[in-house]
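Let me begin by presenting the structure, written as structure tokens, before commenting on it.
Order as written gives the chain letters A, B, C and D; numbering starts at 1 within each chain.
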Amino acid sequence: MLIVMDKKAKQAEIDTVVAAIKQKGYTARPIPGGERVSIGILNNKGHVDGGPFLSLPGVKDAIPVTRPYKLVSREFKPEDTIIKIDDISIGKGSLTIIAGPCAIESELQALTIAEHVRSSGAQLFRGGAFKPRTSPYSFQGLGEEGLKILSKVREKTGMPVVTEVMDYETFDLVEEYTDVIQIGTRNMQNFSLLRRAGRASKPVLLKRGMAATIDEWLMAAEYILEVGNSQVILCERGVRTFAHHSRNTLDLSAVPVVLKESHLPIIIDPSHAAGRRDQVIPLSRASVAVGAHGLMVEVHHAPEEALSDGAQSLYPDQFKKMCRQVRWIYDDLNRHNSLG
Amino acid sequence: MLIVMDKKAKQAEIDTVVAAIKQKGYTARPIPGGERVSIGILNNKGHVDGGPFLSLPGVKDAIPVTRPYKLVSREFKPEDTIIKIDDISIGKGSLTIIAGPCAIESELQALTIAEHVRSSGAQLFRGGAFKPRTSPYSFQGLGEEGLKILSKVREKTGMPVVTEVMDYETFDLVEEYTDVIQIGTRNMQNFSLLRRAGRASKPVLLKRGMAATIDEWLMAAEYILEVGNSQVILCERGVRTFAHHSRNTLDLSAVPVVLKESHLPIIIDPSHAAGRRDQVIPLSRASVAVGAHGLMVEVHHAPEEALSDGAQSLYPDQFKKMCRQVRWIYDDLNRHNSLG
Amino acid sequence: MLIVMDKKAKQAEIDTVVAAIKQKGYTARPIPGGERVSIGILNNKGHVDGGPFLSLPGVKDAIPVTRPYKLVSREFKPEDTIIKIDDISIGKGSLTIIAGPCAIESELQALTIAEHVRSSGAQLFRGGAFKPRTSPYSFQGLGEEGLKILSKVREKTGMPVVTEVMDYETFDLVEEYTDVIQIGTRNMQNFSLLRRAGRASKPVLLKRGMAATIDEWLMAAEYILEVGNSQVILCERGVRTFAHHSRNTLDLSAVPVVLKESHLPIIIDPSHAAGRRDQVIPLSRASVAVGAHGLMVEVHHAPEEALSDGAQSLYPDQFKKMCRQVRWIYDDLNRHNSLG
Amino acid sequence: MLIVMDKKAKQAEIDTVVAAIKQKGYTARPIPGGERVSIGILNNKGHVDGGPFLSLPGVKDAIPVTRPYKLVSREFKPEDTIIKIDDISIGKGSLTIIAGPCAIESELQALTIAEHVRSSGAQLFRGGAFKPRTSPYSFQGLGEEGLKILSKVREKTGMPVVTEVMDYETFDLVEEYTDVIQIGTRNMQNFSLLRRAGRASKPVLLKRGMAATIDEWLMAAEYILEVGNSQVILCERGVRTFAHHSRNTLDLSAVPVVLKESHLPIIIDPSHAAGRRDQVIPLSRASVAVGAHGLMVEVHHAPEEALSDGAQSLYPDQFKKMCRQVRWIYDDLNRHNSLG
């Protein structure tokens, strides 16, 4: 933290800031400049809140200097975290594809889609049993029945499954049935849910909030790691901007930043970013090319009949094409050691 | 919903869309245009999902025409909802001021601030017992002890209290102690929490999500009303934009829009919007002038020692000045029937 | 500028940064911290570009500390700039209202509207002769004929006029006819135009770019002052965000920030912010309440026939009502010395 | 255009809207719905402005249905535009790389960098002679001397050159020296400049405005085509969002949208999007994978001494690596006909 003083700040005001810093147990280091004085705060153990200093007379600004997260940072743990689910690895050195419908609608639907995506190259199956919906009048998912169908899919296809948990109350239930617990974009800062996820025995797939900075996203992951679960997969899914040709704006620059700042794996969900099927394949290619460790994609064999998000679901044939294309890119880059 | 066809769409493609609309039980009305055909969807009872139609060949766009919410809309209930808490009214015809510290830190702190804000003109006291914090290492609130202090404040000052509920698990506890249950910006789309709030016996203050559209915000309120609680106060607190001179960008145009679309009261939180004390008084004046029904403002007698958000808390003297100024504006406009 | 080193930066890397700073003629002041070293850059005369330092090994970040503008800053000129046009003052101590149609369409239209707005309390008349339009197929303004009509309006009503200049080529012409030269949001960083405006003999009304930070806006004004014209009026007109219930999101927090940082007057254009008539009166009240020095509002006596932006133009009766309401607010606040 | 009426709109109000539509020479087609009436506007020749209708009583909304641009649209010209510069093609079927320093600083600097980028695989050389700078105190480019250096580069290396034109006054000069005329992000809606570019004899590279929608961007291109120059290359360079880990947020979903809507070539500038060197290579890979026709990248042999934007410039070795990686991706996708 750097405290920047007004140009006309008096010595007494500077002294007050220095005293306030010391009183909190930190070290204050005034830096007299040509135009104004700044004061560095040193020897703080954790995050320093600039607020109290901004309140003091003569203070113009309080500028944070260090990153606020710890356990998720590469400075804390330099080697990449690899998450193992059965014989599948998620993280550096692999390209993992998760696919399936937005929502589980029936056993027949789930199994039909699962067979399609497995044969095209997906390693995990996704499908919502509990669905967060903007409207209370929209289809909310099959609940436990959906979870049971997911179990059947795993049994019959051998694919581990990913499904979203929406609240504390149903967490035990979801944890029992699924292989990877998804926390959705609207819950990225549902801190009670994050803490519960920290006690889970399964990996957590944490989506970025639709207006979250990378720091906030990593801090949300920090909540999970801090409680004790270090199996966290980050998932970028687009952020909200003024642009409306896609539902959200996919922020692929998040990938190199996360790869640099954190040891956690990062995958991309191009389906929710785009919101329209015709952008999904190009964005999938871009996601792999930028260096993401995997993709989570919506696929439906009859999207025009889907109970939710049909417009963004790929047809099975399109998914097959997508898998082929992203493998070319990944294999090429990986062969030449050109990723992350 | 209006389905817009490609310029070159064939008649067979148009027929398929018409058939798909009818199959869902709606009425299809093709509108042949100079350049292209559009197809209106009529006689739908609730929200129509454009997705399935976007999937059909020859379809270029699916444009929603009607609003997705119902119970919160003025079309459904034209007269304004007025919320009563003891002898205080929130809604059209009143200017209600809620004030207090960001977090309850001690009985002494809470009572000191409560006396200050009551004597300056606040009608309700606010203070967090459970605090949502970006970092797991920041002060998380006093929990139940904080709630007990809030009870003491009410007992000693006669002011009803407002405090935030963060999760389902502590909802009963918060509901027992508080007069108004606040749902924070990060939980605006925590649908389990919204449903629980729908069963609450107390009014709910629902903050706008930091990247929520007004439609999404009203839909979140619809969740609460749909379950059975129609005592909802909306609270605008700034949205996230590229601008960084304030923590968030206060969106005051939300007020006339909400006043037109909904019968629910709307208040403004200028403190979280600004994030810096020196913007709070001007923004409070603007909030009252734009037509909001009230303000929720952070006040601290010693902000430089506050455990959270000190930088945005007004000093008691500043709060007094603010109350005076906003009363002038409100009284003037109200006297001339120039609001809402 | 503060250069933040990696935690693991070696002494040689720190030395290199120090040498690079000195080579540019600045003073380097290393600040050893608990976790990492930062290096302050002192004695720079103007803006320091962080780029070259970010390129050096071991450097994590380069954080600007001081403001980049000078002539527009209150640190440079503490007293408020008041702009005089005939006997009208724009700036601290006055509330100035500029009104008129989006575009000049005919002499009859201009004079009709001018009479309306003058009698309701507008001091200056606005109207576009050269119109920047998103589409080349939209009405582009009457050009010089429009300027001549503006002259007639001034002659007949005594009101000074404001009109937009779109380019260097027509600058002389516009300057000859108008009293205040408006530079539009799309030209805020048209630096050739800004430099030409710096040589103008008339005051310049500089609109904020639709995605400009306040720093960038003040830097654009700095271009004008730097060349020699210190008569600049800033005009906030909404910024582009994800929100779509208004055309732009009016950023009223810009007012206290500009009042603090700069000595220049600042006014608000609620019409272009809202884009819809029904938000204009509430936003005008808010603009005056927040402390702006004036308003620029679109008025049309027959908006449904307007050639541009009819949807946001007030009817004359609405404008009259607006003037009354904002005067109450301004007079109240001004009487008690409660502004800026 | 679809006019949506209030639920409670009276027949007389509907009739008024119908009459207003007819008066403008369009056809009105009322669409009675279950809840409300909508009215389609047909047989309009160009863009319909919704404003006048929004002004009528009983009207709730005016929703544009068709795209506003024409000459740039694929509906108008289905086949892809390929731009030829000497023996280089820009557009479908090629991957074109433009590289060079942000600003031309000296002949030695330009030639040194040009040799580097040519040998690594760049086909065109870029370098600014006139530089738009946020601050009037920053280096503004060498002007005509810079243009002369660009000529030397072309002469000695055989590479065509790209440079930015900032204003009408220097347009002739820039047009004389350069092979491709760049219009920068701040000038995307400088309509006088666009019109001048429409009369140019050389191809124009049009950058997307930092807060421009795709429709606005294509409309800006429409200005150029409408005057007579159909040689336009679109360049996405990131948009302004709340996210600050990169200077702008690169919006790669713009590529599939532009490829679908327009016949014009589209390239990506990852350097200005990122603002930091370490994101440039990953974003370049993503840009090619998403289907862009080319890249424009900043390269400097000594970025720590660059007079502008050094922090985002690649070292020559990094550029070489980048070229290799994007070629693998492009060749793979192209070999399998998997682009566009």
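Operating definition for what follows: contacts are C-beta pairs under 8 Å (C-beta built on N, C-alpha and C of every residue); 3 or more make two chains touch, one makes a residue touch a chain.
Here the structure is a predicted model, which means the values were calculated and not measured.
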Number of steps on the shortest touching-chain route linking subunit B and subunit D: 1
Chain whose average C-alpha position is farthest from subunit D's own: B
Computed distance of Cα centres, subunit C from subunit B, in Å: 30
Subunit C and subunit D: spacing of chain centres that average the CA atoms, whole Å: 26
Per-residue multi-chain contacts in subunit A, two or more chains: 211, 240-242, 244
Interfacial residue positions of subunit B with respect to subunit C in the complex: 211, 213-214, 239, 241-246, 249-257, 260, 273-274, 278-279, 282-283, 285-291, 321, 324-325, 328-329, 332-333, 336, 338
Subunit D residues within the subunit B interface of the complex: 2, 4, 7-8, 27, 29, 31-36, 38, 40, 42-44, 61, 63, 65-66, 75, 240-242, 244
Residue numbers on subunit B that touch subunit A, as the complex places them: 20, 46-47, 49-56, 62, 68-70, 132-138, 166-169, 186-187, 189-193, 210-211, 216, 219, 222-223, 226, 240, 276-277, 303-306, 308-312
